[in-house]
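Submitted below is the structure of interest, expressed as structure tokens.
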Amino acid sequence: MTLLSIRNLKSYFVTRDGVVKAVNQVSLDIFENETLGLVGESGCGKTVLALSILRLLSENTVVEGKISFKGNDLLRLNEEGMRDIRGKEIAQIFQNPLSSLNPVLTIGLQVSEPFMLHRGMKLSDAWQSAISMLRAAKIPSPAERGKEYPHQFSGGMRQRAMISMGLACNPALILADEPTKGLDVTIQSQIIELMRELVKDRKASMLLITHDLAVAAELCDRIAVMYSGEIVEVSEIKDFLSNPGHPYCRGLLRSLPLNGMEPIPGNSPSLIDVPEGCRFHPRCKYAMERCRNEHPEMYEVGNGRKTRCFLYA
Amino acid sequence: MLEIILKRIGMFILVVIASTALVFFMLHSLPGESAEVMAKYIFLGNVELTPSNEAIDIIKEKYDLEKPLFSQYVTWVWNAIHGNMGTSYQTNSPVTEEILIRLPATITLAFVSILLSLLIGIPAGIIAAVKQNSFTDYFCSTISVLGISIPSFWLAILLIYVFSYTLGLTPTMGYGDFKSLILPAVSLGTPASAVIARLMRSSMLEVMRQDYIRTAIGKGLSYRMVILRHALKNTFIPVITIIGLEFGHLLGGTVIIETIFAWPGIGRLLITSITARDIPVIQGCIVFITITYLVINFITDISYSYLDPRIGRSKH
Amino acid sequence: MRFRDIRLDDLLRNKASFLGLVIIGILAFTAIAADFIAPYDPNKIELDEKLKPPSSEHIFGTDQLGRDQLSRVIHGTQTTFKLSLIIVTITASFGVFIGITAGYFGGFIDEILMRLIDVLLAFPSIILALVIIGSLGPGILNTVIAISLVGWLYYARVARASTLSIKEKEYIEGARAMGCSEMYICTHYILPNCLPPIIVLVTLNMGGVILTIASLGFLGLGAQPPTPEWGTMLNEGREFLRDCPWLSVVPGALIMISVLAFNFIGDGLRDILDPRQQVIK
Amino acid sequence: MLEVRDIKKTFSKGLVHKKYLRAVDGISFTIGEKETFGLVGESGCGKTTVGRLILRLMEPDSGDVVFNGTNITGLKKQDLRKIRPKMQILFQDADSSLHPRMRIWESVAEPLKLYDLVPESDIRKKVLELLEMVGLQKEHLNRYPHELSGGQNQRVVLARVLALRPQFIVADEPTSALDVSVQAQILSLMNEMQQKYGFSCLFISHDLGVIRKMTSIMGVMYLGKLVETGRTEDVFENPKHPYTQALIASGRVAGLDNEQKASPIEGEMPDPMNPPSGCKFHTRCPQKMDLCEKIAPELNNVGTGKVACHLF
Amino acid sequence: MKKINFTGVFVILILAVLISCVAFSGCTESPDAPDTSENNVEKGNSDKNTQQELIIGHPWNLKSVDPGLSGSNLNNFRVSEGLISISPDYKLLPTIADSWEYVENSTWRFYLNKNVEFHDGSKVTANDVKTALDRSMKLNPELQGRLNIKELKVVDDSTVDIITNTVDASLPGKMAYGAAGIYKNNEGPEGTISTPIGTGPFKFVSYDKATDTLKLAKNENYRDGAPKLDSVVIIFGIGEPNTREMAVEKGEIDFTTEPTLGSTKRLESDKNLNVIIHPLCQGYKLKFGDVSKAPYDDVRVRKAIAYAIDRQKIVDNILLGRAIVSNGIGITPGIEWRNNNLTGYAYDVQKAKGLLEEAGWKDTDGDGIVDKEGQKFKITLYTWPQRPALPPLAQATQSMLKDIGIDSEVRIMEWDAISDRKNEWGMITVAGGDACMMIPDPSYYIEGNFYSEKNDYNYRNPNVDALIMKGRTIFDKEERYDAYREVQRIVCDEDCAQVHIAYHYHMVVTDKNVKNYIPNPAHHDYSINKDMYIE
């Protein structure tokens, strides 16, 4: 069952250097009870995609296309309808929990807020729910720590608080943006473990944004790879790891230290000035004449797998 | 809290010593013999006359002016520690009394001005930030740039001209009722409110682009709740310091404004004392200003620890 | 934050700072070319022509000594700009020097300097200036001294703050690893990089200095007559406030306009250095 | 070539209530000619401080750093300056490793001018040569660092460092801010340059995969102490210290085998201001013994490497 | 975005400000502070106006109500009186003393008026006179020097002997000095008087130091009949002339002095105001720094400068009708001892240039500035800012001196700083407020300005000194005055010791309903009188 379906989403914003086409004609489905990994290098548009879903981008961003969620087109919903979805139906877990938590409010209060908002609870009840949520996120002595402020928490604990805040109202979909970025490896694996537990237990779906293939491999059912504002490949995670389709994905896997650390030549193009034709062609060793002039579609490869490459045309 | 208090008191002593010493030695380096000037003010009441040598000698003896400057200053400090700020050369009454008697006027003026500037500056800054790039924003921003650019003495003159002289709405001078307070408070409070509005706006904008605001919106809070619950408290943190500093500027401003409006406060006392070289009174005024500074800073610190939980636990 | 450079075209794009630049441009031109564009000698006394209202002959009228107000205002621009430039140059260079030294070397001297600055900043600067001028006597030179004595504090603070943040940057460590001397690092690495906020401060401070010069002039403690200076002119014109309002309105408005222009530019510069993103809605 | 003997560094904080942080608590290791030593550990364990101490960008409290037979810890400023070009550093954040107001060619030319390595007239040519060697083109010469990408900036830094022909380089997480594909580019470039110039290297990283790929011997740090050292392959094949085991277990994720593994170690690193007694790892150690709480273990030879654990 | 009603919040906040302002100003209002607004209402509504209250705005601060310290103020506001006072036509008026005579050996005898009573009803006795004067002189040693008193002796209840240090013919005049008022000694334990008791037509009611406001009430039992005003309120310390001026125009005060220079015409044409301009014994002049040194040791140079000043132009354009041209020295026209036959120095540039040339000052290099022996005639004009007419006066002088080839620079500084610069080459002080009559006797002005021992610019003339000694020691009025007139001729026409420019006219502005104000030129700067009333 498709929970969220994105069709031809475009997110552009204007800067002093030109128009940044951060998300370009992206179509993506997230099914119920699955974790979809969205991977790509920094600056390829993953975060903008996530923010577009909840309409959290600044006003000067142009967002076009269609995002249907449980029968609603999120891009056409009014502000009030949107508020009912945010935090209740679709929740976010952001990267960098220190700046994403309000420094002057206690953790407990911040976790209580979704309960008060969406469940109509009083503060005292919401607080109790928040404490149990924190406990579920394995924060030691949550009753005391709930009264503390974000700066008193360690990085890992903050991320746990963020997760409990996101999961507070049992959302159907969680958008997790690099939840392990900046954490130490041992803490990273703790957080991954926690997310697997909480998300899977609640039968929620998750869009996990990461640049770290290992994290994606750990948590995801399916994976979508973004390059320069576009989705270039969508596939089951196992297929992807064993046999990536798109030359970019192949390069990506090979450049991992343990896979030989073989670099992809060149740099990612800027989102302002994207190459003609296939966006990857200047770095692609399989590039053909056609790749220079024509922009490839997503081609079905089989087993629910799609790749944007003329090799599969 | 104890540490804050101790730090403040240390600061206070430092400020008092530094500023009174500065003023003391500077005033004694004024051209013309101090004793002569004092004799003029004390005995002649007219600067344009020349006092007799006897009078000068009496002054020198009475106020120990023959002693070295440093020991005079030490004596002053010693007496001040014992609660004796000396007596005014001009009126022969204790400095403490001279200041206390004028205190209500200055405090009223300063308090109402800062209140006015807060109550105008804060909402104006918030509205400008919330409606960024709207007409309201441009309007508020332009007014506040004007506010910091206009010389307060000129504003005072214009205000008197328009509101007292032409329209006859307010008295031109004097002290006592509410009406006479309006113009001085507005002249004094306008620059302060402009500064506060500008800072409030930029602080608000800064806060509004922080990640935690996005988190709050992502939780489903309404825009209004985001501002009230998540943004305001953070916005105030940098503004608090400025409010403290503005109060200091305001005290400086009273010097000119009190003269223009014949407002019988500390500022006017200070000006007349500087010209009359009434050193004990000048020193007293400076101690008073420093005490005010201490109090304001203390309030600032307390507001800080109330607003920002990060303060107090860790340094800076 | 990624480093951003101040570019003129950015400044021109901002309407307010464009306006500011135009005003300052005109005023600066006026100041430089004062001798050529002033229609009359600003100090030429024509007692029979005194207190004439604005007319085609005297656009801003004449003052109580029959001097042409326009010419005085034009030369006043020169006085004001010259004075504030001198003051800002002195205070900025001294303040930056102190700030960088304190910030870079830190330690005990830093602690002492910063406490001293806190103390001095705590005290209303106009009162300090009054006391200083009270003891030195009024006049242009003493105005410069009095304002400069207090003015460097802000620069020292800002320079120290930027030095502290720049000091943590890896390129400083890189330079040290490369064997650059401390002096070289201060002048070639710290100084150029703490300049942008200093430039903003200079622009905003120009306005503040103009205001202080005018306040002192207004109190009769600044530039002395017959030197044409806006604050002093305002003080002289105050005697004729209601009968000859042009004597107070013109210099007052000029003070306001020039301070405004500097503030516009300063705001524009600050926005460029620290571009405010749109608020999320 | 480079020997580090028992260096220590303590930071203090606060004026009245002084708090002490033992960032580096007695660390010793040696690096041979053309060898790369990997230093791995979580953030806050003091690995970066070790790099800074070796280069004397910070003054160690005690201990010695001997470089090519010269003990550089006691050197005077002038003498140190002679050694400086021989020992260089690469930082994590390439964007802030370059003077933002200097054009690329100026940055690269600076060390050449500083030590008069090349006559004034040849500087531009030499700069271009260096930049081309690290894979940049002529068009980059007049750019500013903020106009280049992180990977390109790291190349510039490498060129600038190599201009001095160093014998030893501290690479402090040089690629952790970069994407994998760029990381691979930079790391292979480093390998290539090491082949060409033959410098030895202290490679600091939290990424086990990179350490495994880049280094021949390695050390694992925890709260200012080395807990295990040895040849890289040996450590990975057969980690001995429980912490090393835990690290590698968490890091196996990077091996992309998608199978369920043992659950990660519990807890977080203790507050370094207030470190636990005895073995500092005992708060999180799955094999903790009573002894561990009281006595801090020494680094002892175990097999091919050294381990600081009471289990051995 | 959901719209928030910020405008509403704003309005509420503004209201809150206003309310708290009202509340706050309410609490700080001290009960005895003068309520000016209430007075406005009263005055606007004449039916209600049964109380005759005069509100005065005064430029200076009062500082103290102790008559020993601020006797002149209490004297001017008619709380205390001296033994003698001065009439508007410069005559000595018997006041507390009925009559006086010179006895011998530097002793003057004063016979007191037996009807004079203090405000508390007690009679003024010789003892009271001695006590008051002794106390004042002790508190203010300057006064002792000024009065030249050695000792006071009580002869009987109503007779007092005053013994002077030297034979002094001017002592009766000195007793009219404002600080020599007679008051009841009701010192508090700290040695200060907080409720002065005098003999004048107005009684002290209260003094509010916080607002610097003095309240007086009429003395019903005044010996010449009770004054018409019921009360007088004096608000001290309104230093800004604009403020005083607007306050009287708006009716906030009834009486004030010295509004801005430019306001004469407008105030005169205001139907709601009375403007009284009268001479005051003060003037404007140029004072050479040192007449014993170059360039002013040459009388031709001094005269050249005197001829170069266009006094009429200055009076018309700078002093704006608040002055008349001076044709001699500082003694105001109308004063008995004035020499009315001085030649003076009429404006004559040619003559001035000629004199300079005679003295050896020629423009040799054609730059418009005269020079002599290689030195340019470049001087500094000093003046001070407290009197608004002085800076423009100095600038006008500068431009007039330029016309005869003297280059000058104007410096405005505190009076004390100027007196430090006396030795500077070529300095001239542009002075104002030069009082010729602090006491109704020529000795005050003539001795202070021209007696060798007393003047501060090194003017030495033995003839003048001899004449002054004569004036001090002879008691025949006409003979004395003749000696002083001769001094005036010498210092002005022969020596040109100072360059006098103009006599100051004082301006008083009152509400049109204030009647019967009689200006007294001998007072500084004005005094009220018992017959004033409000219509």
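When the chains are written out, they are named A, B, C, D and E in that same order, and each has its own residue count from 1.
Just so we're on the same page, a residue touches a chain if its C-beta (ideal position, glycine included) is under 8 Å from a C-beta of that chain, and two chains touch if they have at least 3 such contacts.
Nothing here was measured: the structure is a model prediction, and the numbers come from that model.
Hopping across touching chains, the smallest step count from chain A to chain B is 1. With chains reduced to the mean position of their C-alpha atoms, the one farthest from chain A is E. Taking each chain's centre as the mean of its C-alpha atoms, the one that lies farthest from the centre of chain D is E. Chain C has its Cα centroid 50 Å from the Cα centroid of chain A. Chain A and chain D have Cα centroids separated by 32 Å.
Separation between the centroids of chain C and chain E, computed from CA atoms only, is 42 Å. Residue positions of chain E touching 2 or more other chains: 1-2, 242, 414, 417. Counting partners per residue, chain B has 30-31, 157, 165, 214, 217, 222-223, 275 as the residues that reach two or more other chains.
In the complex of the two chains, the chain A residues touching chain D come out as 41-42, 154, 156-157, 184-190, 192-193, 211, 213-215, 217-218, 237-238, 241, 251-253, 255-259, 261-265, 267-268. Across the interface of their complex, chain E is touched by residues 43-45, 47-48, 50-51, 64-66, 137-139, 220, 224-226, 236, 238-244, 281 of chain C.
Residues of chain A that touch chain B in their complex: 51, 54, 56, 79, 83-88, 91-92, 94, 96, 99-105, 113-114, 117-118, 149, 151-152, 162, 165. The touching residues of chain B, counted against chain C in their complex, run 11, 14-15, 18-19, 22-23, 26-27, 29-31, 129, 132, 145-146, 148-151, 153-154, 157-158, 161, 165, 202, 205-206, 208-209, 213-214, 217, 223, 245, 248-249, 251-253, 255-256, 270-271, 274-275, 282, 286, 289-290, 293, 297. Those residues of chain D that touch chain A in the complex are listed here as 42-43, 149, 151-152, 179-185, 187-188, 206-210, 212-214, 246-247, 249-251, 253-256, 258, 263-266, 268-269.
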